[in-house]
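Note that chain A is present in both complexes that follow, paired respectively with chain B and with chain C.
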Partner chain A sequence: MDFTQTKNGDTLIVHVAGRLDAVTTTEFDAESQTWIADGNIKVIADLSGLEYISSAGLRSILTAAKQLKGAQGSLAFCGLSGMVEEVFSVSGFAAMFPMFATVDEALAG
Partner chain B sequence: MKRHGIAFKLALLILSCAFIIVAVIMGYNYYYSRGIILQQAQTNAKSVAHETTSRIDSVLSGVQKVANNIALSMEDASLTKEDILELNKRVLANNPEIYGMAIAFEPYFLESDKLYFAPYHYRSGGRIGFSMLGDPAYRYFYMDWYQVPKELERAVWTEPYNDEGGGNIIMATYTVPFYRTMDGKKVFAGVVTADISLEWLEDMISDIKLFKTGYAFLLSRHGTFITHPTRDYIMNETIFSLAEELGSSQLREIGRKMVEGDRGFTQLDKTRGAEDRYLYYTGLEYGGWALGVLFPKGEMLADVHRLSWIMGLIGLCGFFVLALVIIYIARRITHPLTELSSAALEIASGNLDLKLPEITSRDEVGDLAESFRVMNTSLKTYIENLTSTTAAKERIESELRIAREIQMGILPKLFPAFPEREEFEVYASIEPAKEVGGDLYDFFFIDDTHFCFLVGDVSGKGVPAAFFMAVTKTLLKVVSERGMDPGDIITKVNGDLAAENESCMFVTLFLAIIDIETGETRYANAGHNPPIFMPCGGTPKWIPPFGEPVAGIMDMMEYSTKTMTMAPGDIMFIYTDGVTEAMNQEQKLYSDERLMELLTNMKEPFAPKVVKAIDESIKVFAEGAEQSDDITMLAMQFMGKCDKK
Partner chain C sequence: MTAFKATADLASLPAIRDFVLGKAKEANIPITLEPKLDLVLEEVLVNIATHAYEGKAGDIEVECTAAPDAFCCSVRDKGAPFNPLQAEAPDLTTDIDARPIGGLGLMFVTTMSDDCTYTRDGDANVLTFCFSL
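== the complex of A and B ==
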């Protein structure tokens, strides 16, 4: 998996690329640990580069979201498409998190 | 190739070096000392030769002086016959080196009536003998000793000769011409001769010893041997006749130089198997004689050779001592190595308790032995750890296997599940992935006419997922009561699961309850992927999701229930994402499209047939790729109310 971080004001934008499955969740978990460790609590995850997500991946996202929430922060998603978008919608994750089409829209809130 | 040990290689290398060094030292020493000895021998020969020649020259010059003085005094015309005889005798008596002396006058010179006048005094048995030379048989003025100085008008030494009359001794004679003035003219008057025996010369020269067999010899003006250790040569051979006999041009050349009075040092060519010899030669001042000093090279170099031999012997002894020392040291080094090597081999074969050889030397070998000991200990500890870890792992794996069996055991596996029921046909299968997963399905009667069936998928894998699955399944069974809607059931289960869910586990659920008399089906979906509804004779279609979230996270979530009606022959196919996300070797997904296509083209669908066909299709698609997720399918086919009742 590849993670690219950019900063916009106090918001951290993380571009996630690759496959998020049972094998790569450890990478995602390690990445999400750095967000709070670096003091970023407002995070937008750009999933436009994400090819695949499994139920284990959903759980990692959930864990990250819970930690951010515990730190009075927030986690929003944007750029979902194809299979990932379907999984989000089927699993109800689309209803649980703020979802946006693009990064700009997500920043606008 | 033969295998050689370190000891052998070390010894070979060092000894080769030592051998070369010793050889170079000895060789240099030999040539250097040889040069010195040769130079010394030359100097020695020179000084011996010069000493000898100067002794001979002093004798000869003494004789010459005496003869010259007599000759000078003979020019006095007032001398009487008596005076001359007296002078002759006295001079001989006073000069012991002179053997005999004659004063020979020209015929009729002193007395006009006497043809001969030549008094001769000589030594004989300790006395002085006298005779008057000249008679018709011995006309002395024709003899060489008379004629040569007369003609040359100067004093000469005769060639040495054997004086056969006077005791067979070798003699040489010095003759000096003398003149008298008559009528104002200087006329030849006669010669004075002084004989010397060459016996003393022989004695003197044979005393010269150079090394063991070196010797000296004397040559006359014409190259005749005057003295030589080989007595036959004396007066019989010349150096030239010897050269002719030996066929040696070198000797001829040397002879030529010697009679010319040259000096030189040369190595003689080998002739007649003789050993190498050196010759020093020098001319004498008087008599035209030449002295040669000859000495063999072998004897000259005997000392050098002996020195070389002794050095060689010492070198050889040193060589052997060195060899022994090297072998000893090499053995001392390699012996522990050999022991260590065999110990290592035995340890490698598994005997870790082998007692290592005691090596106490405080050097690299000792370090090696110490490292080896440490390695052995670490290896032992490591293997012990590994053994216990492996045992623990095996225990855990075995426990996991048992857990899996238990997990699978709580799912209904017996088909046909309700053979006595003709109103519906239910069939399910679960293909577990290698790792323990969290898929579940279940079906059971809530009351006589209401049949509940469900499929769920717990997030993640492993023991936590298995636990969560077991809890979910148990809760579902317990919660499902008569009269409850599927949404209510999921809402209640969700609440229970979410209450104590620190680890963010969740489960997707599709739960339906069918009235087996009417076909009315109520269903709820908590984040599960949409099932497929296959109407009898119609085109299959997805049952759209409501977008309600997975269960287990949000405890206050309310799930809704929807209702549809199944006609006889209709099938509801519920599955987990293990089906559509099954992957082949190229990591391509099985996909919704493939699933839908398969179901659309299926002839005369029947619940067990549907499940088995999809299962078969997935296996073909995966091409043996390892299954990453559980594959769970459930097909529920409604047959309608049994009319037989």
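== the complex of A and C ==
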């Protein structure tokens, strides 16, 4: 997996690319641990480069979301398409998180 | 028909995936079906690798069949009898705080495939999932 971080004001934007499956969740977990550790609690995850996600990936996302919420932070998503969008929809994750089409729309809230 | 056999652990996932997606390509399944097949296969395999042998070593066997109207995959393990199609449906309407971690994998198996059957064959669990073509 590839992660690219950019900062806009107090919001951390993380561009996530690759496959988030049972084999690669440890990479996502390591990445999300850095968010709060670096003092970032408002996070937008741009999933436009994410090709695939499974329940193992959702597990990692929910774990990160619970930690951010516990720190009075937030996690929003943008750029979902294809099977990633379908998995978010079927699992109810699309209703549980703020979802946006683009990074700009997510920043505008 | 050839079966692919591997040890029931997460490290076997990429090799089994290569085998099944290779068979799917040979069968010319539509490109739009591939991610669903990929997902259902992963969820079935992860469930077996995590639970079937309760920490002991065991095997997973995978077979693919291609017919004009469907592509099917049968996954066999020799763990304790377990029918994944009878797993309790998760509550999908809760907020982040109330949402339990996990429980979604088996739901994807039934929602993303077109047909799913479970049989206990002697000392083996056999789960077959199909995608209509």
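What we mean here is this: the second predicted complex is superposed on the first by the 109 of 109 C-alpha atoms of A that agree within 3 Å, B and C clash if a C-alpha of one lies under 4 Å from a C-alpha of the other, contacts with A are read in each partner's own complex, and residues count from 1 in each chain.
Criterion: a contact is a pair of C-beta atoms (placed from the backbone, for glycine too) under 8 Å apart; a residue touches a chain by one contact, two chains touch by 3 or more.
No experiment lies behind these values; they were computed from the predicted model shown.
Colleague: In the superposition on chain A, see if there is space for chain B and chain C together, and answer fit or clash.
Modeller: Superposition check on chain A flags a clash between chain B and chain C.
Colleague: What is the contact status of A:F3 with respect to chain B (first) and chain C (second): first, second, both, or neither?
Modeller: Neither: A:F3 stays clear of chain B and chain C.
Colleague: For A:T63 in the superposed arrangement: first (chain B), second (chain C), both or neither?
Modeller: So A:T63 meets both chain B and chain C here.
Colleague: Please work out whether A:G82 is in contact with chain B alone, chain C alone, both, or neither, and reply first, second, both or neither.
Modeller: second
Colleague: Touching A:A94 in the superposition: chain B (first), chain C (second), both, neither?
Modeller: So A:A94 only meets chain B here.
Colleague: Where along chain B is the clash with chain C: 307-315, 397-405, 415-423 or 559-567?
Modeller: After superposing on chain A, the stretch of chain B hitting chain C is 397-405.
Colleague: Residue by residue on chain A, keep only those touching chain B in one complex and chain C in the other, then list them.
Modeller: Looking at chain A, the two contact sets intersect at 21-22, 52, 54-56, 58-59, 62-63, 66, 83, 87, 90-92, 95-96.
Colleague: Quick check on the complex: what are the chain C residues that touch chain A?
Modeller: 10, 13-14, 35-36, 38-39, 42-43, 46, 92-97, 99, 101-102, 104-105, 107-108, 111-112
Colleague: Applying the document's contact rule, which stretches of chain A touch chain C when the two form their complex?
Modeller: 21-23, 52, 54-56, 58-59, 62-63, 65-66, 69, 82-83, 87, 90-92, 95-97
Colleague: Okay, in this complex, where on chain A does chain B touch?
Modeller: Checking each residue of chain A against chain B gives 21-22, 52, 54-56, 58-59, 62-63, 66, 83, 87, 89-96.
Colleague: Touching residues of chain B toward chain A in the complex: what are they?
Modeller: Touch residues, chain B against chain A: 457-461, 504-506, 508, 526-530, 545, 547-550, 553-554, 577, 581, 589, 628-629.
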